[in-house]
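I have a structure I would like to understand better, so I am pasting it below and will then ask my questions one at a time.
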Amino acid sequence: MSLNLVKALKLHNEKIWDIDCYKGLLATASTDRRIKIVNIGDIGDGLVSDDGRLLDELDDSSHKKTVRSVAWRPHSTILAAGSFDSTVSIWAKDENDGDADGDGGVDDPSSFSMELLAVIEGHENEVKSVAWSKDGYFLATCSRDKSVWIWESDEMGEEYECISVLQEHSQDVKHVVWHPFKDILASSSYDDTIRIWKEYDDDWEAAAVLKGHEGTVWGSDFEKNVNTDIVRLCSGSDDTTVKIWRCVSNESIEEDWICEATLPNVHGKPVYSVSWSEDGLIASAGSDGMLVIYKENKDNVWEVVAKHEHSHSIYEINVVKWIKLNNGKSYLATAGDDGYVNIWAYN
Amino acid sequence: MSALLREEDLNDFITPEVACIKPVSSKPSNGVDGELSVGKEPEKVEISLADCLACVGCITSSEEILLSRQNQDVFVKEWNEKKTEGYILSVSIAPQCRVSLSQYFGMGVLKFDQMFIRYLQEVWGARYVVGIQEGREESIKLMNEVADKGERKICSACPGFLMYCEKKQQDLLPLLIDVKSPMEITGHLLKDGNKEKMYHLSIMPCFDKKLESMRPESIGLVDCVITPKELVNLITPEQVDKYFATTKETIGMLEWEDAIQRVTPKWMNIDTSFKTNEGSSSGGFAWQYILHRRFQMSDNDNDNAYKIETVRGRNLDVTEFRLIDEEGKILVRSTQVFGFRNIQNLRRLVKDVKPRKLKRFIRKRPTANGNDNSISLSSSINNQDNNNTKVEEPVDFCKSDFLEVMACPRGCIAGGGNLKNGIKNGPDQDSDPNQDLNTVYMTSIPMTSIEPRHNLTLPSSQENVIVGVISHDLDDSNTIIKLQEEQKYGNKYKRKLYNPSSISETHNGDSKNTIEQPVQFTTW
Amino acid sequence: MSEYINENPEVLDDTQLPTRKDEDNELLFNTTGSNSYLDRKKMLLRMDNSSQSQVLQNIDLLDKLFALHHHDTPDLTEDDESIESFDDEDFDQIDAQEIYDLIAHISDPEHPLTLGQLAIVNIDDIEVIDNGNRDEISEVIVRITPTITHCSLATLIGLGIRVRLERALPPRFRINIILKKGTHQSENQVNKQLNDKERVAAACENDQLLGVVSTMLGTCK
């Protein structure tokens, strides 16, 4: 099993903190406050000449500080971006764009542009992460102010109403992620815990608190299991480990979760990001610049199946995500402090 | 002291604050504005929590210190001192606290009142014990009039919300109704009408009321605020047995009125003191406003030309009352908004937003449980039940003519200082304790109607009120009332709203201790 | 503790601080620019060496200004890593003395003395793991000793040191700043905050904090 670099895209002169890819459109979040939209849909084949075309660079005056997180809304070309300036901006592809046949793809790259739809305020200080729920109904945001907010929007993505403010973490909340098929949210925090949130009655409530990490939890990701009776989560932490959690009972509003496994410790430094693919592979990356892939064997034991050192030369990797490109295949995308986004193929 | 404020208790809407996130920008203490004030030895503070809405992060360390200066121990110490100096003790108690405490002791509200009065008289030597209804009525009447003018429409009686606006949402300040809260006006009523030296203790459902009592425009009105949680700490087990023992007998109205008789000041209204008005358990401001507007249309209660409709908002904490004419046109909207998550959406009032589109994102919502006591009110309600096929216009804060905003979800009954469970009955898994308390509030406290006022116009320039202008028609009672109103609003009962730049002036009252930063290290 | 190590620090004179004979290379380690660029920078700094120097306070800006000369907006679809001209030397190993020289002259936020003089930083408390190979990750561990155990400025001092080192050291270095064991009440909490990359990055975008840090770094040579 090998891990190969397919493409290295130098997109920024400063750190790239986050990326998100949807239907071949890659969005970046960087210290330089410029959000870049790049068409990488056809990169996989390596043959098309105008791959990695920059489509748009969003106005860098819309955020006064680092853009920390970006997320595409499912089934749309609406993008949410969270910034250290405590706001979240919402962008949508301009009406008169190059998508003549309306298939979501980009026909005429030169006329692609995104316009600013809304700026959401509310958090006290830096917004660390933004995430859309499975159908794009909810937008979750979290911040150093220790809270997780849930917003509801309209179809057009223009209006946002706060429907819940969740203040149970005792420290900075670093990351939020939704379950792929249910409306369940996981938040990871500097307080070393992960909290699971569900809607109940009139408001959102904490269903569980996952304790076990010995350092800040930087990120987590749900298993993409179609059988929604099984809910599992993987998490990466400052304590250099990656852990797997499983929900063992969810009769009532409160759920019981256990730490099912700690993956073989390969990283010697903080793990900043984890991602769980549709076919069950987990990828992790962090401060040591190493990209690692794990797989569960038939005895349900996790093994390292690939690793790549210095994936962004000597720089730290801030985010790793499994993505799908136009050829239908799965790739890994990483972004780091070197300002690069790297696309990897795992075979 | 801090044992009272445990994380588990205050879990629904506040966060414990270890170190203030904005120690420098919001509260310049001994440095020039904006300078990093480098700390000396930090002062030991007992409280580091506040069930304050503002504790999303912006309660400052100096406020933490102020909070620690009002608690049951401070009351005991101060009252023991004042007693020797010839002060008399007046105690006022909010109805939400009466409900909470009566449930805690496992008895009816009226019985609790009677026992409480006796306890205060015998243990503390209290001369006067009052409810806050008279103060609330004054507040409501003035608020209604200010709101009628159209500019200011958000009730500022909740100190948590008020402080949040002053610190985080200054653009909402011009919309706040600048009339003092029931607690403050009760302070006025007690002290202004009295020649003797008085120490006023107030029992309130939340900790923010302590900060409210220390606002510059209200210094001295209330000497100490304590919450039911602190109060029960003050009552010894022997006192519980002696004064708050549950007995089977309930108490009759006559006995109750008799108890109140002895402790109500002569210059205050004994009829209303321990009653409450219709509306939410937070004071019913929104409901009273719609009643006021309805009365303006027609003073005949049975006039069917005008109906009041109750509409539920996006969640249990948003409720709107609408005055509808015969054709079904909405004339007036008065909205109840509780909880931080809903307060967020008040931004719409001052932001440039496109008008709310009716076509909302359709999604299935889990249904709320059936009983909805929070909006069940007596008389004159035309309820829209769930089976109604009429499509309602959704609640839109931008269209409201009056907004009652409370920081705590479910309102003051769920205040952080209120006790939720009785000592007799353990916590019941399925029931919402706040809902139960709400029911008790609505059903167990005698109601009074607020006398509607004839149309009085307040002076347009609120700063320059000429006090002492005598009208020649002295027997014209209307004019006298008008004069009195002008005086009250122009002077005493007006609330002052503070912008952050002037906040440094607010807490200079106590010059004994300089305000330090009790943080262990600078957090960024 | 009965007798705290650094409570009444014997203030060291500048001349008593450990130093290296060669002063030229002291603070000019950076990753961008060729030798000639480095020389120009050294010259500029020598010309304007006062602690009030705008130039010193805006080393970042300076870097950027110089960088403009060297490359345009980078191509976004480069296959090779876009390489900025580095130092010719492949191996420039950094030792504890160099780190010390970089940070000893940072001012304490409260007193008009430097961290070196107050013995908040000591050469013996600096650990460097580096073999000079710029393709490998290196590490620096700086242990600081605040003057009092409940020093509320420990995090600020740590932040100042971190900013200084991040600007001065090549990117291969992972910087760890921790409190010397037993020197602070909230040791673990302070350490956690100091080494949280995201919190540090956000702090550096806070104008107020940055102002304080700039003042602290103003006394660096």
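To keep things simple, chains are lettered A, B and C as they appear, and every chain counts its residues starting from 1.
Definition applied: a contact is a pair of C-beta atoms (placed from the backbone, for glycine too) under 8 Å apart; a residue touches a chain by one contact, two chains touch by 3 or more.
Chains and their UniProt names: A = Probable cytosolic iron-sulfur protein assembly protein 1; B = Cytosolic Fe-S cluster assembly factor NAR1; C = MIP18 family-like domain-containing protein.
These numbers come from a predicted model, not from an experiment.
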Chain pair with more C-beta contacts, B-C versus A-B: A-B
Chain of greatest Cα-centre distance to chain B: C
Separation of mean Cα positions, chain C and chain A [Å, integer]: 32
Interchain centroid distance [CA atoms averaged], chain A/chain B, Å: 43
Centre distance in Å when chain B and chain C are each reduced to the mean of their C-alpha atoms: 53
Of all residues in chain A, the ones touching two or more other chains: 125, 144
Chain C: positions in contact with at least two other chains: 199, 202
Multi-chain contact residues (two or more partners), chain B: none
Of all residues in chain B, those that touch chain C in their complex: 24-25, 34, 36, 38-39, 42, 517, 519-524
In the complex with chain C, residue positions of chain A that touch it: 7-11, 13, 15, 31, 36, 38, 51-54, 65-66, 68, 84, 125-126, 128, 144, 172, 174, 190, 215-216, 238, 269, 287-289, 310, 313-316, 337-338, 340
Chain A contact footprint on chain C (complex, rising order): 74-82, 134-137, 171-172, 174, 192, 196-199, 201-202, 205
Of all residues in chain A, those that touch chain B in their complex: 121-122, 124-125, 137, 144-147, 149, 152-155, 158-159, 161-165, 167-168, 170, 199-203
Chain B-facing residues of chain C, complex: 109-110, 150-156, 159, 184-186, 189-190, 193, 199, 202-203, 206, 208-209, 212
